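See the structures that follow.
In the two assemblies presented below, chain A is common to both, partnered first by chain B and then by chain C.
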Partner chain A sequence: MAKYILQRVIYMVITLFIVASITFFLMKLIPGSPFKSFTKLTEFQQTLLLEKYGLNDPLPVQYFNYMKNTVKGDLGISFQFNNTPVTELLANRIGPSAILGLQAMVVGALFGIFLGTIAALKQNTWIDYGSTFIAVIGKSVPSFIFAGLLQYYLAVKLHWFPVMLWRGPEYTILPTIALAMFPISIAARFMRTEMIEVLGSDYITLARAKGASRFQISIKHALRNALIPVVTVLGPLAVSLMTGSLVIERIFGIPGLGEQFVKSIDSNDYPVIMGTNILFAVLFVVIILIVDILYGFIDPRIRISGGKTK
Partner chain B sequence: MKKSKLSLLLVLSLVLSMFLAACSGGNKDNSSKDDGKDKPVAESKLADKQELNVLESAEIPTMDSVLGTDVMSFTTMNAVNEGMYRLDQDQKVVPAGAEAMPEYNADKTELTVKLRKDAKWSNGDPVTAHDYVYAWQRAINPKTASEYGPYFMEGKIKNATEIGQKKAKVEDLGIKAEDDYTLKITLERPIPYIESFITFQLFYPQNQKFVEAQGKDYAKDAAHVLYNGPFKMTKWNGPTATEWVLEKNETYHGAKDVTLTKINFNVSKDPQASANAFTAGEADITPKLAQAAIISQFEGSDELIQYQEPTIFWIKMNQKNKALKNVNIRKAIALSVDKQALVDDVLANGSIAADFFVPKAFAFDTNGKDFRDTTDSYQKTNKEEAKKLWEKGLAEVGMKEVALTYVGGDTETSKTTDAFVKDQLEKALPGLKLTINSVPFNIRIDREQKMDYDLLFSGWGPDYADPMTFMDLYLTGGDHNKMDYSNPKYDQLVKSAQTDLAAKPEERWKALQEAEKIILEDDAALAPMYQRSVNLLINPKVDGFVHHAFGPDYSYQWIKILKK
Partner chain C sequence: MEKILQVKDLNISFHTFSGEVKAIRGVSFDLLKGETLAIVGESGSGKSVTTKAIMRLLPEHNSEIKKGEILFNGKDLTKLTDKQMQKIRGHDISMIFQDPMTSLNPTMKIGNQIMEPLVKHQNMSSHAAKERALELLKLVGIPKPEIRINQYPHQFSGGMRQRVVIAIALACNPKVLIADEPTTALDVTIQAQILELMKDLQKKIDTSIIFITHDLGVVANVADRVAVMYGGKIIEIGTADEIFYNPQHPYTWGLISSMPDMETDDDELFSIPGTPPDLLDPPKGDAFAPRNPYVMKIDLEQEPPFFKVSDTHYAATWLLHPDAPKVEPPEAVKRRQSQFSSIAGTASGDVRLEKSNFPGTKEGK
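Right after this comes the complex of A and B.
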């Protein structure tokens, strides 16, 4: 097990290196400069500014300098937020995004797995159709529509919740629901398909033959096996939820990362683009590793040994 | 300067606003709401709680006055700090940190400014002439890497250009402290709009002792800035903060005229969400709302405030293109778009058709008359005339068909505008074929710089209250020209307005009017389309809200909260 994890960590470092390199060069292809009024300045003034921030060096030099600093943990300073260190910016902004993402993930996974399970158990009944309906809506209607509707009816009209901003737990409810619709639908669809397949398998028939109760079969045997593919998709989904949703954060005025990432690209804020991308990449590889390790607990057949997954 | 303001619409409109916002502001009020702003409000009508909740569309990127380049920074600095002069409720320049208006020497290249002696920083230090000298020198010092420092000072403040090129010392800058409360400012040449120019936040004082003591931490959050304005910041965690609080500054010399005790700011980037928060009573003032769909929800309500900001959008015509080199073809294009239909039906947000280059409600002559009211309008839509000019032009260049690349933005507003323009042009001018390239803001700027376009839709907002901020864009070989436009007569008029006519306001005004006529009527070098309107929602209990045409968007210091 330890050997396996060590090996995976080495792969992770290589992956991160590749991601950082590709991002670096792609980012430099975006036209424009990080200075807001750059085109107003004379060429002489422009050169002075570029030199000060090392943006006039040849690309390989800039790349080498960036990688060197990144390894030391220095992600540089943001241009749009006047000289705020990128690490500080990420630290300030990841909180709300992560809380919201986690809540949406927990709500989405639990509710989705529940919906998918009962749909499979009551296959071809109105319960099944109802849950499929919810799943289709959740997947096809964009989150900004849900967000807008929730905000308008539950906050503006009924005053049950605050309209926007980020000041306490009650402020997280509407955005969490809006954000959870997608994971609900994903979890419900996967769960239903898997459950139906598992319920038709030989060992379930055997369990029935042994006289196990229906409840026991569903929870102990079927659910556990059906969870594997669901965990596979939910892992990466958790990362994308936790790193912030541009749309939800905008609508509910949440000081998160999603909005920030898009804006950094728009404004050629190179250090922030790099910093955010590296953070996302780290979260992804870590979550994928955790998911792989989790498999072993969910399904004893997939025990990891000697660096291989069987 | 370019303005950029941003779902897709938001992104676009946001991008547009950032750029534009840096340069533009409000203007004299056209709205009926503010007409009563000068009337004193009886004490009895005031609400007990003088607290205001404001939504803004962006964070404050910096509170270091020499580094600001955007309208959020300018607006906040205008509330918590103060320079020699500021714009009052009627957009007039009035003394603020100064005791009186400046005194000039004979050729108007030297200003002497007496400062008031009761102005204090929030740490108790007096605000002195040395604080101004320090800030100005810091702004131009290449080590500071200020963008607006050189942009604003070079060619205007004595020796600024030389300091930028390291040919002169920072101490040689044209600002000296004659004593603790007397400043002498030396200009390169007389500048007719100098008084409003130095109301700009870049020219605010800074307390040297404080700035140097903080070092790198200066202006990193509310505790690391000093205040000398009507308000002080009591909460702001730095440039990434989406929430900040201003409270009345009791040590401000004009504190007795400030009624508001507290203003809470929050960032909301989604216009519909901002309107929702407003409707639910969680906000008293919303950010600018550009979308017709949102504005229409409040049509006719006394909560909706609408005014024109001095930002103009136009079609640039690249004269490197053989067809566009022909003046008749350019005129035909300029006359073919039904601008009234564009503002009424496509934009539907109160924007006005622009038959002009210098915007309305922006620049005023010595008698206070609007530049626009003292001169003609040009390029009125006339499709028949356009067709004749088009045919004449085609004959002159020997072409039957013209295919042009049209570069526009990628926001919803831009796309619908561009589709409308294409339809109008192709229908009015037989043989014209436009290919629209909808590109992100940065790409558009890039293509403009490289002159990789035939027609390009762009906009500009002012940096100071004088037609020159528009007029000098299209001088031959100018940094912003980028369309190969060159007319010696235009150059000569604009340059003489910058130099020898600088002290003769009436003749100068005439020269500028003549230049405008040349670039639009004679040369049709560019085709203005519309002047943008600002729409925002303000709770009717808020009295005395003031907006400006350049620098800061708004002033909060005259606001009073009325009883409902």
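Right after this comes the complex of A and C.
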């Protein structure tokens, strides 16, 4: 197991290196300069600034310097946010995004799996159609519409929750629901399909032939087998939720990563773009690793033994 | 002999988009205590549907038992609720399935899968159930049961998995064991081992077996009695000797003729011409009539009743009617009869095709 994880970590480092390189060169293709918006500066002052930050060096030199600093853990300083180091900027911002994303993911996965399971067990009844309806709505209606509706009815009209801002647990509920609609629909649809397939398999017939009750069959035999493919879909989805949803963060005034990321692209704030992207990539590969380890718990056929994958 | 299970005039239909498929059309048979009844017939003849109906494992949304009774212990199984049926499944009647590669839960240790019916039906503690599971694994011939009990199905070969499935089926010492083509998915040497095991276990726990197969070699090896099914009906039923030495129905002749033997090396293997009947719209007369080389006018108009050949042997063909012309079975059937006799003479007295044809098979295992 340890050997397997070590091997995976080495691959992760290689992946991150490639991601960082591609991002670096793509970012340099964006036209404009970080100081164009500082209209009070003269052309000469702007050139001085570019010189100071090494932005006039040839591209390979810039790339080499950046990579060298990144390996040391120094992601540079932001041009836009008063010379704050990028690491500090990200550290301040990741909290709300991660909490919101994680909550939305947990709510979405649990509720979606529940919906999908009962839809499969009660196939072609109103429960099934109801679950399908929720899933279609959740997938086709953009999250900002849910956000607006939730704010209007539950916050403005009924005063159950605060309308916006980020000051405590009760502030997280509405954005979590708005953000969870998408994972709910994905999990529900996948779970329904998988569950129906599993319920039609030979080992379920054998379980029935043993005299097991419907409940025992669904919980003990079907659920775990149906979860395997669902985990695959939910893993990457978790990353995209955790790295922040720009729209939801804007609507609820949440100081998260998404908002800052878009601002930094607008203003060619190279170190912030790079830093955020590398952070996303790190989260992504770590979650993929967690998903792969989770697989082993759910599916004994791909459990890792003695460094060999089977 | 005590009748353990009686199927009386069973009619089952499936409701499909194109209409009502009359899959089983009046099947009746008895299962005696301690015997092995083989049900043979081609795909779609209704073998599996009949046995699934006994277990009440047919899909609920589109199948319907139109008519008939399945009597077990004085109870009509077709009338029981699902809850009542759960107490019978796996306890009094259990089942072995065709494909051992897919019939075990891939994410559950095999020990737990064997223990499940024990805990459910016999209220065993998990410790007692584990002891019993070890015993069962030993009984079905799995080496090192203490290690194997904690393994998952993917760590077992096909033959070993089928042994586990048999262990699950036998866990509660069922009175009836239904084996739905248990050897079809296995290679020939493993087939022979599994058949030996089943015969051996039948003696040990004194159970009756319904053995579904389309392989007459297997039938000869295991069956006391044979029921031949065609087009959703039983068309001939009798003891194994009667079916092999004195078959009466032209379809049974066709089946026996299409068995490969030592002399079919250069000429092509016989097959019954034509296709099975369409059960969406079953034929008026004998369902086999369009494929029957001995067809008579009455076959197309009226369904043949069962004619008695002996106390144990019945066949539904108009050829047995006193007014019918005398027809000799085809040459291939006669040739095989003499082969059966010569093999039976050298073997232990009754028909032992399969085993004696494979010198590599281990006996008494």
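Keep this in mind: the second predicted complex is superposed on the first by the 296 of 310 C-alpha atoms of A that agree within 3 Å, B and C clash if a C-alpha of one lies under 4 Å from a C-alpha of the other, contacts with A are read in each partner's own complex, and residues count from 1 in each chain.
Here, a residue touches a chain if its C-beta (ideal position, glycine included) is under 8 Å from a C-beta of that chain, and two chains touch if they have at least 3 such contacts.
Nothing here was measured: the structure is a model prediction, and the numbers come from that model.
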| item | value |
| --- | --- |
| Combined model on chain A where chain B meets chain C, clash or fit | fit |
| Which of chain B and chain C A:213 touches, first, second, both or neither | second |
| Partner chain in contact with A:205 - chain B first, chain C second, else both or neither | second |
| First, second, both or neither for A:293, with chain B first and chain C second | neither |
| Chain touching more of chain A, residue-wise (chain B, chain C) | B |
| Contacts of A:165 with chain B and chain C, given as first, second, both or neither | first |
| Which of chain B and chain C A:144 touches, first, second, both or neither | first |
| Shortest span in Å between Cα atoms of chain B and of chain C, once chain A is used as the common reference | 46 |
| Chain A - residues contacting chain B, complex | 30-32, 35-42, 44-45, 48-49, 52-53, 78, 80-84, 88-89, 92-93, 144, 148, 151-152, 155-156, 159, 162-166, 247, 250-253, 255, 259-260, 262, 266-268 |
| Residues of chain B that touch chain A when the two form their complex | 1-2, 6-7, 10-11, 15, 18-19, 22, 55, 59, 61-62, 64, 67, 69-70, 142, 145, 147-148, 150-151, 154, 164-165, 216, 219-220, 237-243, 266-270, 272-273, 276-277, 279-280, 282, 440-443, 445-446, 449, 479-480 |
| Complex interface listing, chain C residues touching chain A | 55, 57, 61, 82-83, 86-91, 94-95, 97, 99, 102-108, 116-117, 120-121, 152, 154, 165, 168-169 |
| Touch list for chain A against partner chain C, complex | 124, 201-203, 205-214, 220-221, 224-225, 298-301 |
